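The chains carry the letters A, B, C and D, assigned in the order they are written, with residues numbered from 1 in each.
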Amino acid sequence: MRINIPVHLRWGDLDAYQHVNNVEIFRLLEEARVRAFWAPADPEEERPPTAVFEPGGESLSLISGHRIEYLRPLDYQRAPVDVAIWFTEIGAAMARIGYEVYDGTSDAPRVRAASTMVFVQEDGYRPRRISEVERAAWSPYLGDPVPFSRRS
Amino acid sequence: MRINIPVHLRWGDLDAYQHVNNVEIFRLLEEARVRAFWAPADPEEERPPTAVFEPGGESLSLISGHRIEYLRPLDYQRAPVDVAIWFTEIGAAMARIGYEVYDGTSDAPRVRAASTMVFVQEDGYRPRRISEVERAAWSPYLGDPVPFSRRS
Amino acid sequence: MRINIPVHLRWGDLDAYQHVNNVEIFRLLEEARVRAFWAPADPEEERPPTAVFEPGGESLSLISGHRIEYLRPLDYQRAPVDVAIWFTEIGAAMARIGYEVYDGTSDAPRVRAASTMVFVQEDGYRPRRISEVERAAWSPYLGDPVPFSRRS
Amino acid sequence: MRINIPVHLRWGDLDAYQHVNNVEIFRLLEEARVRAFWAPADPEEERPPTAVFEPGGESLSLISGHRIEYLRPLDYQRAPVDVAIWFTEIGAAMARIGYEVYDGTSDAPRVRAASTMVFVQEDGYRPRRISEVERAAWSPYLGDPVPFSRRS
(Lines give C-alpha, C1' and ligand atoms only; values in the text may rest on other atoms or scores of the structure.)
Protein backbone atom coordinates (compact mmCIF):
# COMPACT_ATOMS: atom_id res chain seq x y z
CA MET A 1 0.00 0.00 0.00
CA ARG A 2 1.28 3.42 -0.90
CA ILE A 3 0.67 6.97 0.17
CA ASN A 4 -0.10 9.11 -2.88
CA ILE A 5 0.74 12.77 -2.48
CA PRO A 6 -0.08 15.26 -5.24
CA VAL A 7 2.69 17.88 -5.49
CA HIS A 8 2.41 20.94 -7.72
CA LEU A 9 5.29 21.90 -9.95
CA ARG A 10 6.44 25.46 -10.42
CA TRP A 11 7.73 26.91 -13.67
CA GLY A 12 10.72 28.05 -11.62
CA ASP A 13 11.65 24.38 -11.08
CA LEU A 14 12.88 24.31 -14.67
CA ASP A 15 16.55 24.88 -15.36
CA ALA A 16 18.31 26.20 -18.44
CA TYR A 17 17.80 22.77 -20.08
CA GLN A 18 14.04 23.45 -19.81
CA HIS A 19 13.21 20.35 -17.74
CA VAL A 20 12.56 20.16 -14.00
CA ASN A 21 16.05 20.42 -12.54
CA ASN A 22 17.43 17.30 -10.86
CA VAL A 23 17.94 19.21 -7.60
CA GLU A 24 14.37 20.47 -7.57
CA ILE A 25 13.15 16.88 -7.74
CA PHE A 26 14.42 16.56 -4.17
CA ARG A 27 12.36 19.62 -3.26
CA LEU A 28 9.28 17.82 -4.60
CA LEU A 29 10.17 14.71 -2.58
CA GLU A 30 10.68 16.84 0.53
CA GLU A 31 7.27 18.41 0.10
CA ALA A 32 5.68 14.97 -0.39
CA ARG A 33 7.42 13.74 2.78
CA VAL A 34 6.18 16.69 4.84
CA ARG A 35 2.61 16.19 3.61
CA ALA A 36 2.78 12.41 4.07
CA PHE A 37 4.24 12.26 7.58
CA TRP A 38 3.93 15.54 9.44
CA ALA A 39 0.86 16.33 11.51
CA PRO A 40 -0.37 19.77 10.37
CA ALA A 41 -0.17 22.68 12.83
CA ASP A 42 -3.85 23.29 12.12
CA PRO A 43 -5.73 20.03 12.88
CA GLU A 44 -8.45 21.08 10.41
CA GLU A 45 -6.09 20.70 7.47
CA GLU A 46 -6.61 17.65 5.27
CA ARG A 47 -3.86 15.11 5.58
CA PRO A 48 -3.27 11.38 4.96
CA PRO A 49 -3.59 8.89 7.88
CA THR A 50 0.21 8.64 8.06
CA ALA A 51 0.62 12.33 8.95
CA VAL A 52 1.16 11.75 12.67
CA PHE A 53 4.72 12.95 13.23
CA GLU A 54 4.67 16.07 15.41
CA PRO A 55 7.60 18.23 14.36
CA GLY A 56 9.02 20.93 16.58
CA GLY A 57 8.72 20.85 20.30
CA GLU A 58 11.10 18.11 21.24
CA SER A 59 11.33 16.03 18.10
CA LEU A 60 12.87 16.53 14.69
CA SER A 61 13.21 14.30 11.65
CA LEU A 62 16.52 14.50 9.83
CA ILE A 63 17.55 13.04 6.49
CA SER A 64 20.72 10.97 6.73
CA GLY A 65 20.87 9.90 3.10
CA HIS A 66 19.18 9.75 -0.27
CA ARG A 67 19.51 7.67 -3.40
CA ILE A 68 17.81 8.60 -6.67
CA GLU A 69 17.48 7.52 -10.28
CA TYR A 70 16.18 9.87 -12.95
CA LEU A 71 14.45 7.68 -15.52
CA ARG A 72 12.84 10.23 -17.85
CA PRO A 73 12.85 14.06 -17.95
CA LEU A 74 9.97 15.82 -16.21
CA ASP A 75 8.35 18.79 -17.98
CA TYR A 76 6.37 21.63 -16.46
CA GLN A 77 2.63 20.97 -16.20
CA ARG A 78 -0.21 22.59 -14.28
CA ALA A 79 -1.57 19.34 -12.88
CA PRO A 80 0.30 18.06 -9.83
CA VAL A 81 2.64 15.12 -10.13
CA ASP A 82 1.83 12.05 -8.05
CA VAL A 83 4.51 11.13 -5.54
CA ALA A 84 3.89 7.55 -4.37
CA ILE A 85 5.63 6.85 -1.04
CA TRP A 86 6.02 3.70 1.01
CA PHE A 87 8.19 2.40 3.84
CA THR A 88 10.94 -0.07 3.05
CA GLU A 89 12.03 -0.39 6.69
CA ILE A 90 10.75 0.87 10.04
CA GLY A 91 13.49 0.60 12.65
CA ALA A 92 13.84 1.75 16.25
CA ALA A 93 14.72 5.40 15.67
CA MET A 94 14.90 5.49 11.87
CA ALA A 95 12.86 4.62 8.83
CA ARG A 96 13.63 4.11 5.17
CA ILE A 97 11.18 5.21 2.53
CA GLY A 98 10.84 4.71 -1.20
CA TYR A 99 9.28 7.04 -3.75
CA GLU A 100 8.15 6.96 -7.36
CA VAL A 101 7.11 10.11 -9.21
CA TYR A 102 4.45 9.92 -11.94
CA ASP A 103 3.37 12.77 -14.20
CA GLY A 104 0.07 11.26 -15.31
CA THR A 105 1.04 10.80 -18.96
CA SER A 106 2.15 7.18 -18.60
CA ASP A 107 2.34 4.28 -16.17
CA ALA A 108 6.12 4.57 -16.05
CA PRO A 109 7.65 6.58 -13.22
CA ARG A 110 9.87 9.55 -14.04
CA VAL A 111 11.97 9.12 -10.92
CA ARG A 112 12.71 6.46 -8.29
CA ALA A 113 14.26 7.41 -4.96
CA ALA A 114 14.88 6.30 -1.40
CA SER A 115 15.60 8.27 1.77
CA THR A 116 16.68 7.41 5.27
CA MET A 117 14.91 9.45 7.97
CA VAL A 118 16.24 9.64 11.51
CA PHE A 119 14.16 10.81 14.45
CA VAL A 120 16.03 12.85 17.04
CA GLN A 121 15.45 15.04 20.03
CA GLU A 122 15.87 18.71 19.28
CA ASP A 123 18.16 19.03 22.27
CA GLY A 124 21.49 17.55 21.14
CA TYR A 125 20.13 15.51 18.25
CA ARG A 126 20.03 12.29 20.33
CA PRO A 127 17.99 9.54 18.62
CA ARG A 128 14.45 9.07 19.89
CA ARG A 129 12.39 5.93 19.39
CA ILE A 130 9.55 5.82 16.90
CA SER A 131 6.36 6.03 18.97
CA GLU A 132 3.58 3.43 19.03
CA VAL A 133 1.22 5.90 17.34
CA GLU A 134 3.71 6.43 14.51
CA ARG A 135 4.42 2.71 14.12
CA ALA A 136 0.71 1.85 13.98
CA ALA A 137 0.04 4.55 11.37
CA TRP A 138 3.02 3.68 9.21
CA SER A 139 3.18 -0.13 9.29
CA PRO A 140 0.38 -0.67 6.73
CA TYR A 141 2.61 1.09 4.20
CA LEU A 142 5.62 -1.16 4.65
CA GLY A 143 6.64 -2.70 1.34
CA ASP A 144 9.39 -3.87 -0.97
CA PRO A 145 12.74 -2.19 -1.53
CA VAL A 146 12.91 0.39 -4.31
CA PRO A 147 13.62 -1.45 -7.60
CA PHE A 148 16.63 0.62 -8.64
CA SER A 149 17.56 -0.43 -12.14
CA ARG A 150 21.21 0.54 -12.28
CA ARG A 151 23.98 0.70 -9.76
CA SER A 152 24.30 4.30 -8.56
CA MET B 1 -12.61 41.60 -11.64
CA ARG B 2 -9.68 39.51 -10.51
CA ILE B 3 -8.03 36.28 -11.54
CA ASN B 4 -7.72 33.99 -8.51
CA ILE B 5 -4.88 31.49 -8.73
CA PRO B 6 -4.37 28.90 -6.00
CA VAL B 7 -0.64 28.35 -5.42
CA HIS B 8 0.68 25.63 -3.12
CA LEU B 9 3.37 26.44 -0.61
CA ARG B 10 6.31 24.17 0.06
CA TRP B 11 7.88 23.63 3.46
CA GLY B 12 11.16 24.48 1.73
CA ASP B 13 9.87 28.04 1.17
CA LEU B 14 10.48 28.70 4.87
CA ASP B 15 13.73 30.33 5.90
CA ALA B 16 15.63 30.16 9.19
CA TYR B 17 13.08 32.62 10.67
CA GLN B 18 10.43 29.91 10.07
CA HIS B 19 8.19 32.02 7.84
CA VAL B 20 7.89 31.92 4.05
CA ASN B 21 11.01 33.76 2.93
CA ASN B 22 10.49 37.16 1.30
CA VAL B 23 12.31 35.99 -1.84
CA GLU B 24 10.14 32.89 -2.17
CA ILE B 25 7.05 35.12 -2.22
CA PHE B 26 8.25 36.24 -5.67
CA ARG B 27 8.43 32.57 -6.67
CA LEU B 28 4.75 32.22 -5.68
CA LEU B 29 3.87 35.33 -7.69
CA GLU B 30 5.81 33.99 -10.68
CA GLU B 31 3.90 30.73 -10.53
CA ALA B 32 0.60 32.61 -10.28
CA ARG B 33 1.59 34.71 -13.30
CA VAL B 34 2.47 31.65 -15.39
CA ARG B 35 -0.82 29.97 -14.52
CA ALA B 36 -2.82 33.17 -15.06
CA PHE B 37 -1.41 34.25 -18.41
CA TRP B 38 0.42 31.45 -20.22
CA ALA B 39 -1.43 29.08 -22.54
CA PRO B 40 -0.55 25.54 -21.42
CA ALA B 41 1.49 23.36 -23.77
CA ASP B 42 -1.20 20.71 -23.39
CA PRO B 43 -4.53 22.32 -24.42
CA GLU B 44 -6.36 19.81 -22.19
CA GLU B 45 -4.94 21.38 -19.04
CA GLU B 46 -7.33 23.52 -17.02
CA ARG B 47 -6.52 27.19 -17.11
CA PRO B 48 -8.26 30.56 -16.55
CA PRO B 49 -9.67 32.49 -19.57
CA THR B 50 -6.72 34.91 -19.39
CA ALA B 51 -4.16 32.15 -20.14
CA VAL B 52 -3.72 33.05 -23.80
CA PHE B 53 -0.08 34.14 -23.99
CA GLU B 54 1.88 31.62 -26.07
CA PRO B 55 5.40 31.51 -24.69
CA GLY B 56 8.31 30.21 -26.71
CA GLY B 57 8.35 30.21 -30.46
CA GLU B 58 8.79 33.86 -31.23
CA SER B 59 7.50 35.58 -28.14
CA LEU B 60 8.73 35.95 -24.57
CA SER B 61 7.44 37.86 -21.58
CA LEU B 62 10.07 39.56 -19.46
CA ILE B 63 9.75 41.24 -16.09
CA SER B 64 11.16 44.76 -16.09
CA GLY B 65 10.32 45.61 -12.49
CA HIS B 66 8.55 44.66 -9.28
CA ARG B 67 7.32 46.46 -6.20
CA ILE B 68 6.18 44.61 -3.09
CA GLU B 69 4.96 45.19 0.45
CA TYR B 70 4.99 42.44 3.05
CA LEU B 71 2.09 43.16 5.39
CA ARG B 72 2.02 40.06 7.64
CA PRO B 73 4.24 36.96 7.82
CA LEU B 74 3.07 33.90 5.89
CA ASP B 75 3.31 30.50 7.58
CA TYR B 76 3.47 27.08 5.96
CA GLN B 77 0.09 25.48 5.34
CA ARG B 78 -1.10 22.57 3.19
CA ALA B 79 -3.96 24.47 1.59
CA PRO B 80 -2.88 26.69 -1.30
CA VAL B 81 -2.70 30.44 -0.87
CA ASP B 82 -4.93 32.54 -3.10
CA VAL B 83 -3.06 34.92 -5.38
CA ALA B 84 -5.51 37.52 -6.71
CA ILE B 85 -4.19 39.21 -9.87
CA TRP B 86 -5.50 42.07 -11.98
CA PHE B 87 -4.21 44.47 -14.61
CA THR B 88 -3.48 48.04 -13.64
CA GLU B 89 -2.44 49.05 -17.17
CA ILE B 90 -2.45 47.39 -20.58
CA GLY B 91 -0.12 49.28 -22.90
CA ALA B 92 1.13 48.66 -26.44
CA ALA B 93 3.90 46.14 -25.67
CA MET B 94 3.75 46.06 -21.88
CA ALA B 95 1.31 45.48 -19.07
CA ARG B 96 1.30 46.25 -15.38
CA ILE B 97 -0.30 43.85 -12.96
CA GLY B 98 -1.21 43.94 -9.29
CA TYR B 99 -1.36 41.08 -6.82
CA GLU B 100 -2.68 40.36 -3.35
CA VAL B 101 -1.87 37.13 -1.51
CA TYR B 102 -4.40 35.68 0.94
CA ASP B 103 -3.86 32.66 3.18
CA GLY B 104 -7.51 31.95 3.95
CA THR B 105 -7.32 32.77 7.65
CA SER B 106 -8.46 36.38 7.30
CA ASP B 107 -9.74 38.93 4.80
CA ALA B 108 -6.50 40.88 5.03
CA PRO B 109 -3.84 40.20 2.42
CA ARG B 110 -0.41 39.02 3.53
CA VAL B 111 1.34 40.68 0.60
CA ARG B 112 0.67 43.36 -2.02
CA ALA B 113 2.77 43.58 -5.15
CA ALA B 114 2.98 44.96 -8.66
CA SER B 115 4.98 43.87 -11.70
CA THR B 116 5.70 45.30 -15.11
CA MET B 117 5.69 42.71 -17.90
CA VAL B 118 7.20 43.43 -21.30
CA PHE B 119 6.44 41.34 -24.37
CA VAL B 120 9.38 40.85 -26.71
CA GLN B 121 10.45 38.80 -29.69
CA GLU B 122 12.84 36.05 -28.82
CA ASP B 123 15.15 37.20 -31.59
CA GLY B 124 16.89 40.30 -30.21
CA TYR B 125 14.35 41.10 -27.50
CA ARG B 126 12.60 43.71 -29.65
CA PRO B 127 9.21 44.72 -28.20
CA ARG B 128 6.17 43.13 -29.80
CA ARG B 129 2.64 44.49 -29.60
CA ILE B 130 0.05 42.87 -27.40
CA SER B 131 -2.23 40.92 -29.76
CA GLU B 132 -5.97 41.46 -30.14
CA VAL B 133 -6.61 38.02 -28.60
CA GLU B 134 -4.55 38.93 -25.54
CA ARG B 135 -6.16 42.37 -25.18
CA ALA B 136 -9.66 40.93 -25.40
CA ALA B 137 -8.91 38.24 -22.81
CA TRP B 138 -7.18 40.61 -20.39
CA SER B 139 -9.25 43.83 -20.58
CA PRO B 140 -12.06 42.57 -18.31
CA TYR B 141 -9.49 42.33 -15.54
CA LEU B 142 -8.27 45.93 -15.76
CA GLY B 143 -8.65 47.64 -12.40
CA ASP B 144 -7.31 50.13 -9.90
CA PRO B 145 -3.67 50.65 -8.96
CA VAL B 146 -2.30 48.56 -6.11
CA PRO B 147 -3.10 50.37 -2.82
CA PHE B 148 0.44 50.38 -1.44
CA SER B 149 0.27 51.66 2.10
CA ARG B 150 3.79 52.97 2.59
CA ARG B 151 6.37 54.54 0.32
CA SER B 152 8.77 51.82 -0.75
CA MET C 1 30.27 55.79 -0.12
CA ARG C 2 29.11 52.29 -0.94
CA ILE C 3 29.59 48.81 0.46
CA ASN C 4 30.73 46.47 -2.32
CA ILE C 5 29.83 42.83 -1.76
CA PRO C 6 30.97 40.15 -4.19
CA VAL C 7 28.25 37.50 -4.59
CA HIS C 8 28.81 34.29 -6.55
CA LEU C 9 26.22 33.16 -9.05
CA ARG C 10 25.12 29.56 -9.39
CA TRP C 11 24.25 27.88 -12.66
CA GLY C 12 21.02 26.88 -10.92
CA ASP C 13 20.04 30.57 -10.77
CA LEU C 14 19.27 30.37 -14.49
CA ASP C 15 15.72 29.73 -15.59
CA ALA C 16 14.36 28.17 -18.78
CA TYR C 17 15.09 31.49 -20.57
CA GLN C 18 18.79 30.86 -19.79
CA HIS C 19 19.35 34.09 -17.86
CA VAL C 20 19.54 34.56 -14.10
CA ASN C 21 15.88 34.39 -13.06
CA ASN C 22 14.31 37.62 -11.81
CA VAL C 23 13.38 35.95 -8.51
CA GLU C 24 16.92 34.70 -7.93
CA ILE C 25 18.18 38.29 -8.22
CA PHE C 26 16.46 38.87 -4.86
CA ARG C 27 18.38 35.89 -3.49
CA LEU C 28 21.62 37.60 -4.55
CA LEU C 29 20.49 40.84 -2.90
CA GLU C 30 19.58 38.94 0.28
CA GLU C 31 23.02 37.37 0.39
CA ALA C 32 24.66 40.76 -0.15
CA ARG C 33 22.54 42.21 2.67
CA VAL C 34 23.50 39.43 5.09
CA ARG C 35 27.20 39.86 4.28
CA ALA C 36 26.98 43.67 4.45
CA PHE C 37 25.10 44.06 7.72
CA TRP C 38 25.15 40.93 9.85
CA ALA C 39 27.93 40.30 12.34
CA PRO C 40 29.28 36.80 11.62
CA ALA C 41 28.76 34.11 14.25
CA ASP C 42 32.50 33.45 14.05
CA PRO C 43 34.30 36.76 14.81
CA GLU C 44 37.30 35.54 12.77
CA GLU C 45 35.32 35.69 9.55
CA GLU C 46 36.14 38.59 7.22
CA ARG C 47 33.37 41.13 6.96
CA PRO C 48 32.88 44.81 6.02
CA PRO C 49 32.84 47.50 8.78
CA THR C 50 29.05 47.74 8.44
CA ALA C 51 28.51 44.12 9.55
CA VAL C 52 27.50 44.97 13.12
CA PHE C 53 23.89 43.79 13.30
CA GLU C 54 23.66 40.83 15.69
CA PRO C 55 20.88 38.58 14.44
CA GLY C 56 19.18 36.06 16.64
CA GLY C 57 19.01 36.42 20.37
CA GLU C 58 16.55 39.22 20.81
CA SER C 59 16.73 41.03 17.52
CA LEU C 60 15.63 40.28 13.98
CA SER C 61 15.68 42.27 10.77
CA LEU C 62 12.62 41.93 8.57
CA ILE C 63 12.03 43.13 5.04
CA SER C 64 8.87 45.20 4.73
CA GLY C 65 9.18 46.01 1.04
CA HIS C 66 11.28 45.91 -2.12
CA ARG C 67 11.36 47.77 -5.40
CA ILE C 68 13.45 46.60 -8.34
CA GLU C 69 14.22 47.42 -11.96
CA TYR C 70 15.85 44.89 -14.26
CA LEU C 71 17.89 46.90 -16.75
CA ARG C 72 19.79 44.19 -18.67
CA PRO C 73 19.76 40.37 -18.47
CA LEU C 74 22.40 38.75 -16.28
CA ASP C 75 24.20 35.66 -17.60
CA TYR C 76 25.97 32.96 -15.64
CA GLN C 77 29.66 33.64 -14.97
CA ARG C 78 32.23 32.18 -12.58
CA ALA C 79 33.42 35.53 -11.27
CA PRO C 80 31.18 37.01 -8.58
CA VAL C 81 28.89 39.91 -9.38
CA ASP C 82 29.45 43.14 -7.45
CA VAL C 83 26.48 44.23 -5.37
CA ALA C 84 26.94 47.87 -4.39
CA ILE C 85 24.81 48.82 -1.38
CA TRP C 86 24.18 52.13 0.38
CA PHE C 87 21.67 53.60 2.81
CA THR C 88 19.06 55.99 1.50
CA GLU C 89 17.51 56.57 4.93
CA ILE C 90 18.36 55.57 8.50
CA GLY C 91 15.31 56.02 10.70
CA ALA C 92 14.50 55.15 14.30
CA ALA C 93 13.71 51.45 13.90
CA MET C 94 14.02 51.08 10.12
CA ALA C 95 16.42 51.73 7.30
CA ARG C 96 16.10 51.97 3.54
CA ILE C 97 18.86 50.69 1.33
CA GLY C 98 19.68 50.92 -2.34
CA TYR C 99 21.53 48.41 -4.52
CA GLU C 100 23.12 48.23 -7.93
CA VAL C 101 24.36 44.95 -9.40
CA TYR C 102 27.34 44.98 -11.78
CA ASP C 103 28.70 41.97 -13.68
CA GLY C 104 32.12 43.42 -14.50
CA THR C 105 31.62 43.60 -18.25
CA SER C 106 30.49 47.23 -18.30
CA ASP C 107 30.00 50.29 -16.12
CA ALA C 108 26.23 49.99 -16.43
CA PRO C 109 24.36 48.19 -13.68
CA ARG C 110 22.26 45.14 -14.57
CA VAL C 111 19.77 45.79 -11.77
CA ARG C 112 18.72 48.63 -9.46
CA ALA C 113 16.76 47.93 -6.31
CA ALA C 114 15.69 49.28 -2.93
CA SER C 115 14.57 47.56 0.26
CA THR C 116 13.06 48.66 3.53
CA MET C 117 14.46 46.84 6.56
CA VAL C 118 12.69 46.90 9.91
CA PHE C 119 14.40 45.95 13.16
CA VAL C 120 12.22 44.10 15.63
CA GLN C 121 12.41 42.13 18.83
CA GLU C 122 12.06 38.45 18.31
CA ASP C 123 9.42 38.33 21.01
CA GLY C 124 6.25 39.70 19.38
CA TYR C 125 7.98 41.54 16.52
CA ARG C 126 7.82 44.89 18.35
CA PRO C 127 10.08 47.51 16.71
CA ARG C 128 13.42 48.11 18.37
CA ARG C 129 15.55 51.22 17.91
CA ILE C 130 18.67 51.15 15.80
CA SER C 131 21.58 51.13 18.28
CA GLU C 132 24.32 53.73 18.47
CA VAL C 133 26.86 51.16 17.28
CA GLU C 134 24.75 50.41 14.22
CA ARG C 135 24.12 54.09 13.47
CA ALA C 136 27.80 54.95 13.71
CA ALA C 137 28.80 52.06 11.44
CA TRP C 138 26.11 52.75 8.85
CA SER C 139 25.96 56.57 8.63
CA PRO C 140 29.07 56.93 6.42
CA TYR C 141 27.18 54.97 3.77
CA LEU C 142 24.12 57.23 3.67
CA GLY C 143 23.57 58.51 0.13
CA ASP C 144 21.12 59.50 -2.57
CA PRO C 145 17.86 57.76 -3.42
CA VAL C 146 18.03 54.97 -6.01
CA PRO C 147 17.74 56.57 -9.47
CA PHE C 148 14.88 54.41 -10.73
CA SER C 149 14.39 55.20 -14.39
CA ARG C 150 10.78 54.19 -14.88
CA ARG C 151 7.72 54.22 -12.70
CA SER C 152 7.24 50.74 -11.29
CA MET D 1 44.13 13.46 -7.03
CA ARG D 2 41.09 15.61 -6.44
CA ILE D 3 39.58 18.77 -7.90
CA ASN D 4 38.89 21.26 -5.11
CA ILE D 5 36.13 23.72 -5.87
CA PRO D 6 35.29 26.51 -3.41
CA VAL D 7 31.52 27.08 -3.33
CA HIS D 8 29.94 29.96 -1.44
CA LEU D 9 26.94 29.32 0.77
CA ARG D 10 23.95 31.62 0.90
CA TRP D 11 21.97 32.40 4.02
CA GLY D 12 18.93 31.41 1.98
CA ASP D 13 20.26 27.82 1.84
CA LEU D 14 19.19 27.43 5.46
CA ASP D 15 15.84 25.87 6.21
CA ALA D 16 13.53 26.27 9.21
CA TYR D 17 15.86 23.93 11.15
CA GLN D 18 18.58 26.61 10.70
CA HIS D 19 21.08 24.34 8.92
CA VAL D 20 21.84 24.17 5.22
CA ASN D 21 18.88 22.25 3.84
CA ASN D 22 19.58 18.74 2.55
CA VAL D 23 18.17 19.66 -0.87
CA GLU D 24 20.38 22.73 -1.15
CA ILE D 25 23.44 20.52 -0.65
CA PHE D 26 22.69 19.15 -4.13
CA ARG D 27 22.66 22.73 -5.41
CA LEU D 28 26.17 23.17 -4.00
CA LEU D 29 27.28 19.92 -5.66
CA GLU D 30 25.75 21.04 -8.95
CA GLU D 31 27.65 24.31 -8.79
CA ALA D 32 30.89 22.47 -8.00
CA ARG D 33 30.28 20.15 -10.97
CA VAL D 34 29.67 23.03 -13.37
CA ARG D 35 32.84 24.80 -12.21
CA ALA D 36 34.87 21.57 -12.28
CA PHE D 37 33.88 20.25 -15.69
CA TRP D 38 32.32 22.91 -17.91
CA ALA D 39 34.45 25.09 -20.14
CA PRO D 40 33.46 28.71 -19.40
CA ALA D 41 31.72 30.69 -22.14
CA ASP D 42 34.37 33.38 -21.64
CA PRO D 43 37.78 31.71 -22.11
CA GLU D 44 39.34 34.38 -19.86
CA GLU D 45 37.52 33.03 -16.82
CA GLU D 46 39.63 31.08 -14.35
CA ARG D 47 38.85 27.40 -14.28
CA PRO D 48 40.47 24.09 -13.27
CA PRO D 49 42.23 21.94 -15.92
CA THR D 50 39.27 19.55 -15.93
CA ALA D 51 36.86 22.22 -17.20
CA VAL D 52 36.86 21.04 -20.81
CA PHE D 53 33.27 19.93 -21.38
CA GLU D 54 31.60 22.29 -23.87
CA PRO D 55 27.92 22.47 -22.96
CA GLY D 56 25.31 23.61 -25.43
CA GLY D 57 25.75 23.35 -29.13
CA GLU D 58 25.38 19.64 -29.68
CA SER D 59 26.25 18.15 -26.32
CA LEU D 60 24.58 18.04 -22.93
CA SER D 61 25.48 16.37 -19.66
CA LEU D 62 22.59 14.83 -17.77
CA ILE D 63 22.48 13.40 -14.27
CA SER D 64 21.07 9.89 -14.18
CA GLY D 65 21.45 9.30 -10.46
CA HIS D 66 22.80 10.50 -7.11
CA ARG D 67 23.62 8.94 -3.80
CA ILE D 68 24.38 11.01 -0.70
CA GLU D 69 25.14 10.69 3.00
CA TYR D 70 24.80 13.62 5.36
CA LEU D 71 27.38 13.10 8.08
CA ARG D 72 27.18 16.34 10.09
CA PRO D 73 24.97 19.44 9.78
CA LEU D 74 26.38 22.35 7.79
CA ASP D 75 25.95 25.87 9.17
CA TYR D 76 26.01 29.17 7.31
CA GLN D 77 29.45 30.74 7.00
CA ARG D 78 30.92 33.49 4.83
CA ALA D 79 33.95 31.47 3.73
CA PRO D 80 33.24 29.04 0.89
CA VAL D 81 32.98 25.34 1.56
CA ASP D 82 35.47 23.08 -0.21
CA VAL D 83 33.88 20.54 -2.53
CA ALA D 84 36.46 17.86 -3.36
CA ILE D 85 35.55 15.94 -6.53
CA TRP D 86 37.09 12.94 -8.23
CA PHE D 87 36.15 10.35 -10.83
CA THR D 88 35.29 6.85 -9.70
CA GLU D 89 34.69 5.60 -13.24
CA ILE D 90 35.12 6.99 -16.75
CA GLY D 91 33.11 4.93 -19.20
CA ALA D 92 32.30 5.26 -22.89
CA ALA D 93 29.47 7.82 -22.68
CA MET D 94 29.15 8.21 -18.91
CA ALA D 95 31.22 8.98 -15.86
CA ARG D 96 30.76 8.48 -12.15
CA ILE D 97 32.06 11.07 -9.72
CA GLY D 98 32.50 11.26 -5.98
CA TYR D 99 32.36 14.30 -3.72
CA GLU D 100 33.22 15.27 -0.17
CA VAL D 101 32.21 18.61 1.32
CA TYR D 102 34.41 20.26 3.96
CA ASP D 103 33.60 23.43 5.87
CA GLY D 104 37.14 24.21 7.05
CA THR D 105 36.48 23.66 10.74
CA SER D 106 37.64 20.04 10.80
CA ASP D 107 39.22 17.32 8.68
CA ALA D 108 35.96 15.37 8.65
CA PRO D 109 33.65 15.84 5.68
CA ARG D 110 30.11 17.08 6.27
CA VAL D 111 28.74 15.21 3.26
CA ARG D 112 29.73 12.35 0.95
CA ALA D 113 28.02 11.89 -2.40
CA ALA D 114 28.26 10.26 -5.81
CA SER D 115 26.65 11.12 -9.14
CA THR D 116 26.36 9.44 -12.50
CA MET D 117 26.74 11.82 -15.44
CA VAL D 118 25.66 10.84 -18.94
CA PHE D 119 26.80 12.69 -22.04
CA VAL D 120 24.18 13.00 -24.77
CA GLN D 121 23.50 14.80 -28.00
CA GLU D 122 21.04 17.62 -27.63
CA ASP D 123 19.09 16.25 -30.56
CA GLY D 124 17.16 13.26 -29.18
CA TYR D 125 19.33 12.68 -26.11
CA ARG D 126 21.32 9.91 -27.83
CA PRO D 127 24.50 9.03 -25.92
CA ARG D 128 27.72 10.50 -27.26
CA ARG D 129 31.19 9.18 -26.50
CA ILE D 130 33.51 10.97 -24.12
CA SER D 131 36.09 12.75 -26.32
CA GLU D 132 39.84 12.21 -26.16
CA VAL D 133 40.32 15.75 -24.84
CA GLU D 134 37.88 15.06 -22.01
CA ARG D 135 39.41 11.66 -21.20
CA ALA D 136 42.93 13.10 -21.07
CA ALA D 137 41.86 15.97 -18.80
CA TRP D 138 39.83 13.78 -16.46
CA SER D 139 41.89 10.58 -16.14
CA PRO D 140 44.41 12.01 -13.64
CA TYR D 141 41.50 12.44 -11.23
CA LEU D 142 40.31 8.83 -11.35
CA GLY D 143 40.26 7.34 -7.86
CA ASP D 144 38.60 5.07 -5.35
CA PRO D 145 34.86 4.58 -4.85
CA VAL D 146 33.16 6.87 -2.34
CA PRO D 147 33.51 5.31 1.13
CA PHE D 148 29.84 5.39 2.05
CA SER D 149 29.54 4.36 5.67
CA ARG D 150 25.99 3.07 5.81
CA ARG D 151 23.74 1.35 3.35
CA SER D 152 21.47 3.97 1.78
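Basically, a contact is a pair of C-beta atoms (placed from the backbone, for glycine too) under 8 Å apart; a residue touches a chain by one contact, two chains touch by 3 or more.
A quick note: this is a predicted structure, and the numbers were derived from the prediction, not measured.
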item: Proportion of interface numbers common to subunit A and subunit C (over half same, under half different); value: same
item: Centroid comparison with subunit C (C-alpha atoms), farthest chain; value: A
item: Gap in Å, rounded to a whole number, between the CA centres of subunit C and subunit B; value: 24
item: Distance from subunit C to subunit A - Cα centre to Cα centre, in angstrom; value: 35
item: Whole-Å separation of chain centres (CA-atom averages), subunit C against subunit D; value: 29
item: Touching two or more other chains - residue numbers and ranges from subunit B; value: 11-12, 23, 27, 30
item: Contact footprint of subunit A on subunit D as seen in their complex; value: 17, 22-23, 26-27, 30, 60, 62-70, 114, 116, 150, 152
item: Interfacial residue positions of subunit A with respect to subunit B in the complex; value: 7-8, 10-12, 27, 30-31, 34-35, 40-42, 45-47, 75-80
item: Subunit A to subunit C touching residues, read off their complex; value: 11-12, 14-16, 18, 21, 23
